[in-house]
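Since the structure comes first, as structure tokens, the remarks are kept for the end.
Chain lettering (A, B, C, D and E) follows the sequence in which the chains are written, and residue indices restart at 1 in each chain.
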Amino acid sequence: MSTGLLFALVGAALFPMGVAGLLVQRHLLRRILAFNLMGSGAFLILVGLAQRQDVADPVPQAMVLTGIVVAVAATALALALTRRLYALTGRLELPDVEHD
Amino acid sequence: MSAALAFDLLLAAGLLWSAWQSLSSARLDRAILLFITFGLLLTLAWARLSAPDIGLAEAAIGAGLTGALLLDAYRALKQGSDAQVNR
Amino acid sequence: MKKIAIQLAALVFALVLGSAMLDLDPAPVDLRPAVAAHLEASGVAHPVTAVLLNYRGYDTLLEVAVLLLALFAILAVIPDSQTGRPTPAAPVLQTLARLAVPLMLVTATFLLWAGAFRPGGAFQAGSVLAAALVLLHLTGLLAGWPQPGARLRWGLAAGFLVFLAVAAALLLQGHLLQYPPAWAGLLILCIEFALTLSLGLLLAGLFLFLSRDTEGAP
Amino acid sequence: MTEALLDPLPGLILLPLAWGIAAFLLGPGRGAAPAIVTLSLQFLFCLQLTHQVLADGPATHPVGGWGAPLGIDLMADGLATAMLLLTQAVALPLAVYARAYFRPGAPEARHFWPLFGLLLAGLNGLFLSADLFNVYVTLELVGLAAVGLVAMGGGAGQIAAALRYLFATLLGSGAYLLGVALIYGSYGSVSITTLEPLVAAHAPTLVGLAGGLMLLGLMLKTALFPFHFWLPPAHGGAAAPVSALLSALVVKASFYLILRLWLGPLAPLSALHPLLPWLPALLGTAAIFWGSWKAIRALRLKMMIAYSTVAQLGYLFLIFPLLGALGGLQAGIMQAFAHGLAKAAMFAAAGVLIKATGQDTIAGLAGAAQKLPLTLFAFGLAGVTLMGLPPSAGFLAKWQLIEAALGQDCWLIALVALAGGLLAAVYVFRVLRQAFLLTAPESSLQPVPRSLEWAAFALASASVLLGLRGVELMQLLHVGWAG
Amino acid sequence: MSTNEALLLAVLASSFLPGLVIFILPEQQVALRTTLNLLGAFSKLGLVIVLLAGVYQDQTYTFRHVVLPGLELALKADALGLLFITLSAILWLLTTLYAIGYLEGAPHRSRFFGFFSLCVTATMGIAMAGNLFTFFIFYELLTLSTFPLVVHRGTDKAMQGGTVYLRYTLFGGALLLAGIVWLHHLLGHTEFAHAGIVASLGAEHTGSLKLIFLLLIAGIGVKAALVPLHGWLPQAMVAPAPVSALLHAVAVVKAGAFGIARVVYEVYGVEFAQSLNLLLPLALVAAITILWGSLRALFQDDLKKRLAFSTVSQVAYIALGLALFGPVATVGGLVHQGIMKITLFFCAGNYAETLGIHKVSEMNGAGRRMPLTTLAFSIAALGMMGAPFTAGAISKAWLMDGAEAAGSPWAVWVLWTSSLLNAAYFLPILWRAWFKEAKTWPHEHIPARGWRETGWLLLLPPLLTAVATLAAGIFADSSISPLAWAQLITEREYLTRQP
């Protein structure tokens, strides 16, 4: 098995793991962690699957670089919101969905 | 089995383990540290995928900055709750 | 119950996804030859940088916009009433930091310069720059940032502005971001230089603006 | 030389980026004037593009001069141009509205204009993109800007809503990104035009998975039932100009992508099973009934309007079984226009009412018709469009939907469309009825700037006037129609 | 745009534009508002006269505007439409005068007159619609613009009435829309044409056509208040008197009747509709409505409700006529009934506004206090019963003749029974008003000044329409009477041009 395919498979395990974490966890920091794992899974698949013949492909690599920056931007925003929510309500979980 | 493949498998197992642990660990600070570990292992994986650019970025941004942000947030939140307790 | 169902679904999905990956034919399109063929005209020698700043430079332009955007959103959320004050660390650490920061600046410069022909580039250099700033903050040498003043705002936006200006100016002689081969190297270097500076500030800002949020709190 | 500068394709992306950044550089709370001026320019660009596309067919612009698959192409066919037109047409009046809505120096509006600018850049970029990965970046641009706009109010409810929205949108774009990764792995390209023949020629299981993931992620971002949970708190809780932008445009962006994929690279997959197109239609039906029901029961005005968005988005998904003919697409885009303009108007009007009455309950509106007739009129006109009553764009959309449904023997869809209109009438008239009630004379209203009322009225009138002339819009959709 | 096209648009604009301006006028601008109202009403009348002259000379007036590919907004002025237009234009003028007097000093007059003008615009649009699509647009516009008038007072009762009104009309609108789109889908157009347009469809569509007919008639039947779709009409009586007078006596219900006429004659064509066995059921529904409405009217103490049920019954005459006997009786009835019913509502408004009388049981002696109003009321009521020398006599006579000729003796019975019931619910009112001693009035708002029993703006309109009622009866044979025009319509459009 090629290195590319192996890590793509790891990504295929990481992504659902992250999604499940995002859905199941209630603690906001944990959900942010889960989101990052999910993103890493997608990145591994993007590069790994493209390099399943173990020849480096710069195109997906550049895409992942972009993706990492986007992910950190989203993470920072999520943390800012979490900290603000905590400062306002003292809670680290989202309230249940109930509107009017 | 070649040494490279063995290393790859070990690395894959390490990635999955640290990811799983950081999701399921009962203590949040441990979870964050495991996440940073995951990031560092991922850096190795990128190196194995002949993607040193991503490796550098992952180490600096994925593990480094994200980890620092998470730790800082954790510290701040813990501080806040301590303050609550002391009040 | 719901938890178990989700985890089960995730497991099934992982297995389906993995098995589908295993029987995949080679891709019909291969961009590697194209990347290599145009490398000469791209202005940089390193293929990843060529993709990042030339072939798909438009993605990168928008990506910097995303980063700026996240910063705007963070600035919109954090309150501006608190005063930032650094928490001083042990003197030893401070001394170490004072030594480390110049080293990091050198590293950043190297990474920036190296990006043209080997791994490295604006993002990596920018993140080292950011790390230096964060280090200064953590050792108590740099206060968390308040809402940015005009100078900081220009610093944060500079990289993007240069990128945008180049992209727009290139419209005059062709398409958006279409570098003339002769000028490509220089223009990309300009963009990367400005980007490194701004990315350093931006990435550090993600930390420093946030860090300030709870710092002043009792 | 100057011609190149006037190319609308890159212009529509560069301009909002520029004024967004300019607003940031000008400082907190500033930037309304450049925004409005540039938005007018964007609108003109859009009209020029419409003209160009109608005359010469789809327009493309290879960024970097490389062309797909190595580079990224911008492409404007009829569908994309229509969405661009809607975006600028809604954004311009809302900019005027927002300028009057946010008091100068209001802390909650410090970063409205930069966020607004980048949001528009993201939207325009998304509509113009012909590259799946580039679409991902624009999706994130739109999603994060939207979250920031919701959160900028700063209240606990708004922050919580923004966080929920953020997780939903990140999950959605994550699924989309994975789909892109799988596509790239399978074909080695992410250019839509390159992919179309490749997918048609051979589509392994993995591509089916990729398509499913992308569509699912985008449905989550469009808040299609049952993925709508995040929308009402976010749209109902944000400041009025923000709610208007989000409901009118942001959810339409991911809908547009679904349509683009469905008609484009994923077309061979969606044709695999005849029942497949009925799945979105079924969810759309559920959205119409559930959203309407919740809107009828809502106590808060903006919550009512937000749930109405859930319901109205349902109509957009009714067209999927009808996409075999152009009529289905035309009905969907007409509905997108009708809802976009009307919902923006309705949120704008609600903002005026809330400012004037100082509260957000429907019960608190009693007597508003006497004191704010123009706003109520705007609300009513927007309601007419949402109910699909003539003469309005909503009516034309309903007409086209029913006719397309009858044309393809899907009379169930026609029934749903008719029933949805009646349900909309229930919640719209609930508000109007309350506003017409007599009030005690001592109840007083805060004065509101007239420009707020007029902006709402302009949007509402546009949603009605489009009902008198939809020919050009429909012709536009011919351009690039493959079916 | 040719003059002919412009003329049709001008007819619409003459009420639409003043309406728009009035909306934004401040409440205090009474003089300007009144001027605008009257300017609109008079100019509309002038335009209609020009149209009348033109149509009389066989001019054709059409306006077309493409809304969507394959979908056209079409206006035309034919003889049938013009009859309705003329009626509405004249009555709009009178009602505007009446409303100015009636609402003197009342709040929200700008809103009232704004929507009032929109209503009239919608009515004109219905009359001039050249296809079902256009018809539907104005039909729904009428619903929308009448709702604010029904709930104008803002009381709970008004809200309730408005809600019921909406429920019926919007539901009817949905049915109508379904029918129209279906038809459009089958035919590719929905143009009105003499002798109908659907006969060309093959036999395989017979089932669909029957269903479409049902949808169309049910949708329009709501406005025409056919039983069992009539429930909104009595509830809508909470509206101010001018609204009840113009809209519920003329505009809305007659729009329904007019719509049925268009569907039967110009979409299906009488012969084709007959061949599908569609007309007999329609006639039966109409007959039931006539009897049911009359019966219910008998037991209403509230004056306006009694008039409302009477309207239910009377409008069904038109439907019955359409289904059975042909256009003359019917279209004549459209005008005659309009004039008489509006008179009755004007008078009811006068009683309420002057003396506070809302109920039949409070009418004792009203004739002595308000002789002119009561005279007008009596003429109209007698007309409704079909008394000689009134417009009603002519309509009834034509209907009876038609029934005989059509070989439907049962319809004659229905008409007779209904006439008796009419008498039974109108005569007691007249009896009370003229011959009973007055006790006290519930609430005397307007004192009598000499011969003027109430405000002159309230008095003039019913007197004029009462005179018209007599004139239409006595001069039925003259060439400018409604009847003569109805005969013109028949000759031109339904006999001579039939294949």
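Convention: a residue touches a chain if its C-beta (ideal position, glycine included) is under 8 Å from a C-beta of that chain, and two chains touch if they have at least 3 such contacts.
Source: prediction; values computed, not measured.
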{"item": "Chain labels contacting chain B and also chain C", "value": "A"}
{"item": "Farthest chain relative to chain D (centres taken as mean CA coordinates)", "value": "E"}
{"item": "A-D compared against C-D, more contacting pairs", "value": "C-D"}
{"item": "Chain closest to the assembly centre - both centres taken as Cα means", "value": "D"}
{"item": "Per Cα centroids, the chain farthest from chain C", "value": "E"}
{"item": "Whole-Å gap between the CA centroids of chain C and chain D", "value": "30"}
{"item": "Distance from the mean Cα position of chain E to that of chain B, given in whole angstrom", "value": "78"}
{"item": "Between chain A and chain C, centroid-to-centroid distance (C-alpha), Å", "value": "17"}
{"item": "Distance from chain E to chain C - Cα centre to Cα centre, in angstrom", "value": "72"}
{"item": "Per-residue overlap in chain C, given as positions that touch at least 2 other chains", "value": "17, 21, 24, 27, 31, 35, 48, 55-56, 59, 63, 66, 69-70, 73, 77, 79, 123, 203, 206-207, 210, 213-214, 217"}
{"item": "Interface hub residues of chain D, defined as touching at least two other chains", "value": "133, 137, 140, 144, 147-148, 151, 154, 159, 184-186, 188"}
{"item": "Contacts with 2+ other chains: residues of chain E", "value": "none"}
{"item": "All chain pairs that touch each other", "value": "A-B, A-C, A-D, B-C, C-D, D-E"}
{"item": "Chain C to chain B touching residues, read off their complex", "value": "48-49, 111, 119-121, 123-124, 127-128, 130-131, 134, 203, 206-207, 210-211, 213-215, 217-218"}
{"item": "List of chain E residues in touch with chain D within their complex", "value": "23-24, 65-69, 71, 73, 107-108, 110-111, 136-137, 140-141, 143-144, 147-148, 151, 153-155, 159, 162-163, 166, 170-171, 173-174, 177-178, 181-182, 184-185"}
{"item": "Residue numbers on chain C that touch chain D, as the complex places them", "value": "16-17, 20-21, 23-25, 27-31, 34-35, 38, 54-59, 62-63, 65-66, 68-70, 72-73, 75-77, 79-80, 147, 150, 153-154, 157, 160-161, 164, 167-168, 171-179"}
{"item": "Residues of chain A defined as touching chain B within the complex", "value": "1, 3-4, 6-7, 9-10, 13-14, 17-18, 21, 25, 27, 29-30, 32-34, 36-37, 40, 43-44, 47-48, 51, 54, 56, 61-62, 64-65, 68-69, 71-72, 75-76, 79, 82-83, 86-87, 90, 92"}
{"item": "Complex interface listing, chain B residues touching chain A", "value": "4-5, 8-9, 12, 15-16, 19-20, 22-23, 28, 31-32, 35, 38, 42, 45-46, 48-51, 53-54, 57-58, 61-62, 65-66, 69-70, 73-74, 76-77, 80, 84"}
